[in-house]
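Report on one structure; see the data block that follows.
For reference, chains read A, B, C and D in written order, and residue numbers begin at 1 within each chain.
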Amino acid sequence: MDSQVVTFLISCPDNKGLVAKITNFFYSKGFNILSCQQYVNAIENMYFMRIRLNAEGTKISKSDLETKFLELAKPLGFKWSVNYGDKKLNVAILVSHASHCLYDILERQREGDLDCTVKMVISNHEKLRPIAEMFNVPYYYLPVTKDTKEKQEEEIINLLNDNKVDLIVMARYMQILSSSFINKFPEKIINIHHSFLPAFQGANPYKRAYERGVKLIGATAHYATEDLDEGPIIEQAVERVTHDCTPQTLKRIGADVERLVLAKAIKCHIQNQIIVSKNRAVVFPESGE
Amino acid sequence: MDSQVVTFLISCPDNKGLVAKITNFFYSKGFNILSCQQYVNAIENMYFMRIRLNAEGTKISKSDLETKFLELAKPLGFKWSVNYGDKKLNVAILVSHASHCLYDILERQREGDLDCTVKMVISNHEKLRPIAEMFNVPYYYLPVTKDTKEKQEEEIINLLNDNKVDLIVMARYMQILSSSFINKFPEKIINIHHSFLPAFQGANPYKRAYERGVKLIGATAHYATEDLDEGPIIEQAVERVTHDCTPQTLKRIGADVERLVLAKAIKCHIQNQIIVSKNRAVVFPESGE
Amino acid sequence: MDSQVVTFLISCPDNKGLVAKITNFFYSKGFNILSCQQYVNAIENMYFMRIRLNAEGTKISKSDLETKFLELAKPLGFKWSVNYGDKKLNVAILVSHASHCLYDILERQREGDLDCTVKMVISNHEKLRPIAEMFNVPYYYLPVTKDTKEKQEEEIINLLNDNKVDLIVMARYMQILSSSFINKFPEKIINIHHSFLPAFQGANPYKRAYERGVKLIGATAHYATEDLDEGPIIEQAVERVTHDCTPQTLKRIGADVERLVLAKAIKCHIQNQIIVSKNRAVVFPESGE
Amino acid sequence: MDSQVVTFLISCPDNKGLVAKITNFFYSKGFNILSCQQYVNAIENMYFMRIRLNAEGTKISKSDLETKFLELAKPLGFKWSVNYGDKKLNVAILVSHASHCLYDILERQREGDLDCTVKMVISNHEKLRPIAEMFNVPYYYLPVTKDTKEKQEEEIINLLNDNKVDLIVMARYMQILSSSFINKFPEKIINIHHSFLPAFQGANPYKRAYERGVKLIGATAHYATEDLDEGPIIEQAVERVTHDCTPQTLKRIGADVERLVLAKAIKCHIQNQIIVSKNRAVVFPESGE
């Protein structure tokens, strides 16, 4: 294997000796362990590991590694995935009217802060095309009405498949994706909800936040699931506000929270920091990365 | 009038010249304006003012002041209140099992940080009596069952009335007060809810926060109203948490948020910083106080 | 005067009746007061006001207004300025290698979040030219060596004057401007320092933050003054970090703090929210804006 | 060994296979690994581990465990310590005038949040004796003048030794301890500095923060070392402030930051979460504890 960083994400029922067994396995195969992060959920009796390996100097091939690992994984009931760091994720961004998250992602990608390939921006409006063009990213305008929703989603799916998209980012895309769409991309769609979930689920959260007189507003990035606004939460943040904020001011302040929260969530996904278990996202912090 | 700080809280329909008229009034009566804070709600077309006056050197009596002020207030539709700063508020604290908020309030009161008189602690359990006794505050044990609820609330009301209590603090009191009780003390009951409202309204918020996998937990201090957990929000704060937190850990981290949020809300109330309008609390910051 | 928002910023020795006198003045001239924010510094015995007026319906001309206001201002020792909201500020951005603040400002300006005109980007390197070009902003490359510093600054000054620049933003410009340059633009140069001032003044703050093992890193936006990193602080923020952060990680996390802090400071300046007094910046919050 | 939680803290030069070797060792001795946290400092080429073990079911004695562990530790250059969780730390609190941190620690200890024994409060003033007495903790009044400093420190040292004190908490103790004193208790003295270090080192930080016009104030808990305010930082936090805060207001707001930061630092120390390396404190988060 080439010199590269290999990341395994593992979850399984908790058991005596798991750390020793797993780290031993990689040590014996000639890997140096760059970082090894664990989480034991004693309530569910579950064990989670994110282990980053330096493959420099190892002779083992990918397929051999996986075959051997399976021998360890199977009896212990591992659910696992591996990323070899030799291929950037292909990302598609879905937008409607709001530009702040789109700018943020395109800029971070361009500056190397988000290590991925943005294959396209898809929108149900023409409005944000100039931004995609500034960054030389293809822009697909796919309008949608109640009657054409099914067809539009089909077109999106074709675009995603044709471009081998690995991650779909809903960067303030104001359409509700169908269950059928969402179920095709499990843990592959990240949405930003413009409130501190589970507060203000659904529409118009800033207006409702104003009416409720909250003193903090927030944003939540989560994986999209069939149940709207109910998917595993990846990242959240809030900002302090006062009675003097109008719904418009809340929206503006909220936009800065949204862009940061969404960017952090995408980065966590790209860097293989997330394991989803039931409806909870285990998000390991970066470790010397 | 003696040398003292007089605070007026005013709300009314917005109108041209309100600042000039009001500040002129006090200026002409010989007051020096220590601070004058305003908030215009353009959506509701409402005007709010908190004005703090130095009465030093004024000859006008309280009743004269109020009579004259009424002449200004009536035609302009003021809703107003005045506090002369010559009398500390009497406070009663309601508790059940959790001690952290009780400690915090008693200690802040003792150290002069909360400028009020704690007349009593009332509880449906004996558990926290030793804490009240440490601080030499009377402790009333009034147990409650479904059948005795009405009678117990009556006893509480008698205690509050006999002690001329101005403010009731629900410092993690785990009973739901009846509408009849709450309506007797409008904007005089402050509750601390152990979550970031409107998220996780109702029971067991930390357990539900754990299950939802949130990345922030919060606390909300609000005035108690008939609609449980729906009253005007005075103060909120959050703390960052991770997937690695159990419901117990969340509870512990949350306790530190709760105590600070509740203490701040009480301080705002005592210092006449709050005007409630519809279901929103306008909370003016301290100004050189 | 046209229908527009007029903002006065006033500072003077504190005195009885100032609010009444000032608000009366504007009321009598036919202005509606949109917001009137005050701050009394009892330590220095100084009074500060930011008052926003709706000029709709007033007949008075700008010069008449100012002449009349001077009659009030002079005997009371006002230091004051007025902004008529009919002209956008011209902004120049100085950069070197780091792109994050530049992107942020250009994008916010383009989206209407920063209501100003970006006249140019000036840099001692060619590196960031493509970003300026994406946003159709002229880019001036003015390299500098120890020997050419004086001449380069002269060229910058000429550019600024020719373009009637009102505000200079040092968006991670890694050259130290001479005193002579800085003194030409008092309270017109905003700098972002990549640490929580006064911690880590000077060079390499992230490296030093790493070595010191801090648990928070921050950023500070301030007006540039002769004393490097000592000018009036406009805005600060911090982000939590851990022992696991390398100087590079700190730099990356810090970049997100820097961009937000700088954008907020620019916005405060543009919206006439700041009065500098001695070395302190009084920054009034937005009020229903 | 009894059923209990055993915690090892290990630091050593980084090396291939360390995780595997260490976890293997404990696995082979019959321990279940509750949590295993690591940190690799690639800059210094150092490895750090905090490993928590469940000793239930192991037959090995403490001395056997340590002898065997030494065989692993020596060739790999471990610096290590072990805590068997069967003995609470003895804590002494040093105070002067400010009460907020003292209250906080005593209350948290009493409520089980800080799992330690508070053996005594020592002060150079009589002022806070009533608080210690409320909590039934011995209070030693040891006044100090320039001439008696040496003698007073000697008396403190005798008290600490006689009471087998493991941890000394400077809870706003306003005397500078001598180098000779500090060197007797390496990594055993925690101090709270009332500012965001390294900003405002030394005296009167709130007054200087006011004069500097900062927009955030903070607090820093660190181990005391010979170089005043320069020891390894354990925990920091900040709170937002405005120009409207006087030095007194800053002090009051700061007090709430101080008490939380100090309590968190003490908890980290008590729970064996800290490894000091050079002047940096590696502070592992709690993990399912």
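In the analysis below, a residue touches a chain if its C-beta (ideal position, glycine included) is under 8 Å from a C-beta of that chain, and two chains touch if they have at least 3 such contacts.
Since the model is a prediction, treat every value here as computed from it, not as a measurement.
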Comparing centres built from CA atoms, which chain ends up most distant from subunit A?
B
If you tally C-beta contacts across B-D and across C-D, the winner is C-D
Indicate the whole-number Å distance between the mean C-alpha point of subunit B and the mean C-alpha point of subunit D.
36
Nearest whole angstrom, what separates the Cα centre of subunit C from the Cα centre of subunit D?
41
Could you pull out the residues of subunit D that touch at least 2 other chains?
39, 42, 242, 244, 246, 287-288
Give every residue of subunit A touching subunit B within the complex, in rising order.
39, 42-43, 196-200, 211-216, 218, 232-238, 242-244, 246-247, 279-283
Touching residues (chain side subunit A, partner subunit C) in the complex:
99-100, 103, 107, 111, 113, 134-135, 242, 244, 246, 249, 252, 256, 260, 285-289
Using the touch definition from the top, list the residues of subunit D that touch subunit A in their complex.
16-20, 23-24, 26-27, 32-42, 240, 287-288
